[in-house]
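First the structure, in the form of structure tokens, and then the observations on it.
Letters A, B, C and D mark the chains in the order given here, with residues in each chain numbered from 1 onward.
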């Protein structure tokens, strides 16, 4: 796959949230308004990029040579969680405002499905290190962008008299569903035509 | 010490609050007028495609109205008076091919009203244009029935009935498409326009344009007038533009979004449209792309829907540009119809973000000077 | 921000229904066919029940695992250390149980394993599974703990299979089950199979179904509606 | 003549409903047989009552003494006998002490030629004393005692003095009428203020409606040898607002505490009367108009005259008037009693008849953005109102709620007829409540 193909695939066509349904829970439930959501989204996006590269390293340099492929799940879970804590330490040091704004405890983000899912996708797809990095960055960007859209919409809905039963989380899911339909315009045929033409 | 404002507030709570005058137009009247302005184009579609078109429209509008009733009456509200359900049903129907089986417009309208609109609380609360959401839903679900075109009255049927735009896309997808303009590509690919077209163009070319040394290519009349297969209400660009002109002149829709949308798309089509036919840059024939497909209907009737477009004119311009770019890509590379409905729906997703951004600019500007 | 944090915590630790729907989020990716949903449910129930058993057996310090997520958790460094240990242990148990489930599935039903794809390993970090570890159960006995885990697992399975039924029946016009004898495993629904509502089979359809199911669940369970409404209002 | 350098944004342009024929001038209203004079006609505290029932008062006699710095003196508008002093409801919905005077006795001043006093020789303090003693308050709407605006500490000088002749509300044209009839006296008032403030620059701001007066004013400026610019501002509402006038004149925008002073032309005329004619403020010019009024006109009305009398004087209400508003159509207060008296703050009386008087049903917000375009203060009224309605007044405050001046442009422009001003006002009250 070309770089453009990887970027378009992970950012648009196979968007982590809209197509893979990974990280929906964090996107749909992140509380505390737009700034917090941007904080969570950004954190997870960076975590995804780092995890994708790290996942490649762990998988191809450690697990595969040792033949421990069955241990992928626990190893990746702890690897991603470890990275999340390391990333948090960096944030606390250099960007304290991001985490304060996020308002979500780090154990929640540490084991989110988006980062782990991405690591599983890239390792199963046997991507190279650089491809994993590009995929991670593209997926992170796609995740952040979609999260931002969802949060802007939910911020708008928060002041509207929406039906009681659907207020909050259900409407976030319905919103995500409608966004997912809209993004169906970027399908594989679209990708093929763009790359071909 | 009681504040003067407090005193005024108390008085206002018992009597009518200021201001005591207001603009004449009302939100409901604006919606009804938009529906009214779609009427000429709808009439043309019904004239061209006959009873099937009428059935599609009846099902789309009927379902939209019934769905609106079913989702509001149980809660003691009656909202048909605001005209938005009818408008939604109308646009859904007008975007459908006349040959679509009745369940397609019905399902699209039901999805539009129940899921896209009423889930969020009804008019004004939905962030996605209901009609466009419903149409995208139909495209995703029933791509086959959504391309059951009917030949226009007096048109030439040769094999499958296909609108010129779809034929062009098919021709471009096949290797070796050649032609200096979209119409020429169509001619080279063997697309046949109506006899009326050749008669009218023959007359114009020999009597009017011959002395000037130019000639109109075959199909120019059909495409301009809308004497082609296509969505019921989308074929006649002139009648749609007539309605749009009325709405613009009355200030019911604002020019920013449509103008930037059509402008951006036309520019992109002009610059890059010719690449697929080997014509290179700046040979796209934007006129064909602007007139065909549902661009005019989408750009002037669906995209400027105030509920789902940004609140500020700056934001509307931005979304207009985004829509133009999206429609260009989706029309030339996408597979969801001609890309207009899909772009508008994507633009709706981004509108709240744009709003946020422009709001911050407003308040930021103020804080900076204060 | 603090109230937002409190909301998040209350939703996770006090509202089993919300927890259920959070857990369902990634799982609806495998609700396109009923059979996939059944396999997924089996995995979740297995991991839930066995980890419930394991945690109950190690219940000596398991209180720590709950408190990590409690609002305004522990302050002292030692307490935080023990909490982190409890959290790690819970994660360790679930991830190894998930890995075992994956291995078993690969050996017994390779097609199902392929169908579940990356979503089988994701059971390890499923909110429902972890939520069990977080909130703990009132029962400290292994049996009670397992029973409660089973209850949640059945709730999960019921919801997922229901969504899968709707999505497959409407979205594809079929219902895919296990092939038994002459039965090929797929039931076709007469009219729908010709022109199904394909959009429901896409990811967006799954999200919509889940959204409406969550809304319906709120209607049925007034407690959940009240608690989430007040949570929103408080925020 | 100068034209505005930078126009403020927003604002609305209601169709000209000025029913008062231009150039019809100012008519003196009939003297009421009974005047009810509230002792609160200004921004601060209620004035202290100096009379008791049975007292005989003369025209222009002090009957209420200013209580505190933001309070102002109140004078009898007619000669006669005090019948009672009781609490009376103001159009603002508040009770305040009011003096009822039964007409009787002689008019000391009215109808007799007044001697003009030389004021140039007076000291600053004397001048200010006369203005304060005459109970002069801002007649543009704020009702803040004028001497407060003019009392700058000696030595410091104001950078800009503006005589604001831009109508503060659509449909009202009392200021315009005053400019036409009393231009010279108004200019004299401006000279007094110039002497007090010693501004670096003085501008007379006229509305577009009064553009034909520019040559007249330029002539007056030359005649009096004053250093004054004449500027014409658009008559768009609410460009008569003090801060927007300043913005249009190229001053630093709202909020910056520049030392600019804006005085309404009616106020300047009152200053002239108080200083030169020694006549306290007990009457003012106001517009009586509206579709339900038979003969709309500008009347010079003594304070305490009841609205019913005035409407009667204008030919009565043509049809059954459903809504009577004190003030302008944009900011006025709708009232339900014709017994209410005219006070210093009354800039007009409008009687709406027909459909304009009916309450509009509210539709959902369709996010058309009209309110944003109309807002002269760069706010997003639709979002603010929604925030207030879900009880998020604090968030609304962060997004600029406090900058709202309740000018009414947003609600005027709203096609869904959402009472945005009322909602935002409620939000401000909620904020004050939470602060307290």
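Just so we're on the same page, a contact is a pair of C-beta atoms (placed from the backbone, for glycine too) under 8 Å apart; a residue touches a chain by one contact, two chains touch by 3 or more.
Keep in mind that this is a model prediction, so the values were computed, not measured.
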Out of curiosity, which chains are bumping into both chain A and chain C? B
What chains touch chain B and also chain D? A
Centre-most chain by CA centroid is B
From the centre of chain D, which other chain's Cα mean sits the farthest off? C
Could you compare the number of C-beta pairs in contact for A-D with that for A-B and name the larger? A-B
So, in whole Å, the Cα centroid of chain C is separated from that of chain D by 67
Could you grab the centroid distance between chain A and chain D? Build each centroid from C-alpha atoms only and quote it in angstrom. 60
How many angstrom between the C-alpha centroids of chain B and chain A? 34
Return the distance between the CA-based centres of chain B and chain C, expressed in whole Å. 42
Residue ranges of chain A touching at least 2 other chains are 158, 160, 163, 166, 171, 174, 178-179, 181, 184
Where chain C touches two or more other chains at once, by residue number: 199, 202, 208
Among chain B residues, those touching two or more other chains are 115, 124-125, 137, 140
Chains touch in the following pairs A-B, A-C, A-D, B-C, B-D
So, in the complex, the side of chain B touching chain A is made of residues 115-116, 118-121, 124-125, 127-128, 133, 136-137, 140, 173, 275-276, 326, 329-330, 332-336, 339, 342-343, 345-346, 348-350, 352-353, 355-356
Across the complex, what residues on chain D touch chain B? 14, 17, 43-45, 90-94, 143, 170, 253-256, 323, 325, 327, 329-336, 350, 352, 356, 359-360, 363-370, 372-373, 377-380, 382-383, 399-400, 403, 406, 408, 411-417, 419, 421-422, 425-426, 428-429, 432
Residues of chain D that touch chain A when the two form their complex: 383, 386-387, 389-390, 392
Chain A residues touching chain C - in the complex, by the definition given at the top: 18-22, 24-25, 28-29, 31-33, 36, 70-74, 76-78, 81, 100-101, 103-105, 107-108, 111-113, 116-117, 120-121, 124, 158, 163-174, 176-181, 184
For the complex, which residues does chain B have touching chain C? 101, 103, 107, 115, 137, 140-142, 144-145
